[in-house]
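What follows is a pair of complexes built around chain A, which joins chain B in one and chain C in the other.
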Partner chain A sequence: MPGSVASLIWYLGTALELAFVVCSIARKSFLRYFFLNLYFLLAVGSSVGRHLILSSFGQSSDQYRYAYFYTDALLTLALYVALISLFSDVLGEFRFGKYVRLSAVLLLLGTAVFSYGVIAQSTERLSTKFAYELSQNLYFVGLVLTYLLWGTVVKLRETRARLVQFILALGLYFSAYAASYALVNLASKYAVINLMGPILGCLLPLSWTITIWRYSEEARLVPAQLVAVPR
Partner chain B sequence: MMAALIFVVSLVTLLMFFVSYCRSLMASSARHTLSREVRDVTGIPASASSRDFVRVIQLMRLCPERPQDRTGLQAVGLYYDILGLIEKTVARVLPALNMWTEQERAGCANFAVVLLDRRIAFSREIIAQQGEF
Partner chain C sequence: MSRKLGALTLVLGILVCSMGLKTALSNSHASGAVLVANGPDPLPTPPPPQKP
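Right after this comes the complex of A and B.
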């Protein structure tokens, strides 16, 4: 079983994910941000499933390892879909929705083919390795897409406060996650570094919950103030 | 080597998103018109200067806290500190950067004044509610 601090972070993260869904229902925005809600509902479901498997079979069991990697890949996929839904929202007024969805599917297929190409030589546990590789590559694609999305928001002078803050929180999450991933590879001997990933996992539902609770759908920003250097 | 490179690049993007996040918090309060009370209390006529931030925060501590402002204030406070660090180090040799940090810190102070205004209004509401009982 994971340590008490790790378990506490896990429960906190799950509670925050649930809090986002509850707040979005309370603010009558569940369908408006359906894919964001779907991601958190899947995350809560995965947490419950992982916990059940963990308590039945133990942390070092094959069952837990399979459950962990497959649910992780599923969640990364759901987050990717949520990101694309934000893209569609930003570009919605320009009737680019169809092209955004088509590009997203092509990019996903490309990432899947690339991931398969990387692990094709391996003989053991091909499907688990594929799930892991796909998850890692989709995270990288997600970071790049969030960066592009932020550029689009600035260029189009987006004013919707909720949308802007959702995208910025996602950018912060992807960047911090990539930094923690690199840090784990650089200095994995420090226990605190291994806890950074799960802690960062709590930040996305926390910031999104605050955003959906604090801002109404009608809240607007002054777009000129979003760029650090005035143009 | 690759991990170190990813670490540096992700730190740069993290900083960029953090700056934008703080600016979006500040932009959300840009349209707020300051009340006469807050202008009298702070002595700030229209917009705050960078040095006003600490004083406004001290005034805020005298009012009951609004839970919905806590995280925004923490993020902008951290942004203000980072800007202060830049001002004391790199900006000393780059005048353009010094001007930019000064503007940004003034933005942080303006955000704090808006929060103080909301806290004063919140305190009034609490007092009015207590008066009803």
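Right after this comes the complex of A and C.
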């Protein structure tokens, strides 16, 4: 079993994921942000499943490793769909919905083909390697897509507070996660550095929960003011 | 037709950027092994070395 601090972070993160779904229902926005809720529901489900397997077989067991990477691939796929739903929301008014869906499917297929190409020569179990590689590649696609989405928000002067906060939080989450691996490699001897990944895992549900609880659907803000340089 | 071509070009651009970013990060910081994951769940640890 992981240490007490790691377990505490795990339980806190799962509680925050559940809190987002509860707040979303309480604010009558469950269907409005269905794919975001679906992602967190799957995350809670996979946390429960992983906990059961970890308690039975241990953190270094093959069972936990397989369960972890298969569920992680599923979660990354769900996060990708949630990100595309945010794209659809932002571009919805411009009748680009059809092209967003087409591009999303093409991008997913392209990532899957690329991932298969990377592991095709592997002698290890192909499906496990594929799930792992697809999850990693889709994560980086999500990172680039989030920056593209933020550029679109600024360009189109999107003012819906919830959407803007969701996208900003997602960008911070992806960027901080990628940066934390640099830190892990620089100073892995410090235990706190190794806890950074799980701590950052709590960041997304926390910021999204605050957003959905604090802002109503009608709330507006102007992100363009944050980046505009007066001349 | 040109819009579909534009969408295809954008998709390829995003894919190239993403894989380039992943390669850059893995080569410069993680000794070729990058591991990113969702949520706060603890990562699986490598099994202990077996005694001969």
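Remarks
In this text, the second predicted complex is superposed on the first by the 222 of 231 C-alpha atoms of A that agree within 3 Å, B and C clash if a C-alpha of one lies under 4 Å from a C-alpha of the other, contacts with A are read in each partner's own complex, and residues count from 1 in each chain.
One rule holds in what follows: a contact is a pair of C-beta atoms (placed from the backbone, for glycine too) under 8 Å apart; a residue touches a chain by one contact, two chains touch by 3 or more.
Note that the coordinates shown come from a computational prediction; the quantities given were computed from them, not determined experimentally.
By the touch criterion defined above, A:Ala161 lies against chain B but remains apart from chain C after alignment on the C-alpha atoms of chain A. In the superposition on chain A, contact is made by A:Ala182 with both chain B and chain C.
After overlaying the two complexes on the shared chain, residue contacts for A:Gly171 are found with chain B alone; chain C is out of touch. One of chain B and chain C touches more residues of chain A, and that partner is C. In the superposition on chain A, contact of A:Ser24 is made with neither chain B nor chain C. Of the two partner chains placed by the overlay, neither chain B nor chain C lies in contact with A:Thr209. Judged by the touch definition given at the top, the superposed model places A:Leu143 against both chain B and chain C. Judged by the touch definition given at the top, the superposed model places A:Leu107 against chain C, while chain B stays out of reach. Once the two complexes are overlaid on the shared chain, A:Leu221 sits against chain B while remaining clear of chain C. Put simply, chain A uses residues 143, 178, 181-182, 185-186 to touch chain B in one complex and chain C in the other.
Interface residues of chain A facing chain B in the complex, by the touch rule stated above, are 143, 147, 150, 161, 164-165, 168-169, 171-172, 174-176, 178-179, 181-183, 185-186, 207, 210, 213-215, 219-223, 225-229. Residue ranges of chain A in contact with chain C, taken from their complex: 2, 6-7, 9-10, 12-14, 17, 43, 46-47, 50, 54, 59-62, 64-65, 68-69, 72, 75-76, 79, 99, 102-103, 106-107, 110-111, 114, 135-137, 139-141, 143-145, 148, 177-178, 181-182, 184-186, 197-199, 201-202. Across the complex, chain A is touched by residues 3-4, 7-8, 10-12, 14-15, 17-19, 21-22, 25, 29-31, 34-48 of chain C. Against chain A, in their complex, chain B makes its touches with residues 3-4, 6-7, 9-11, 13-14, 16-21, 23-24, 26-28, 30-31, 68, 71-72, 100, 104, 107.
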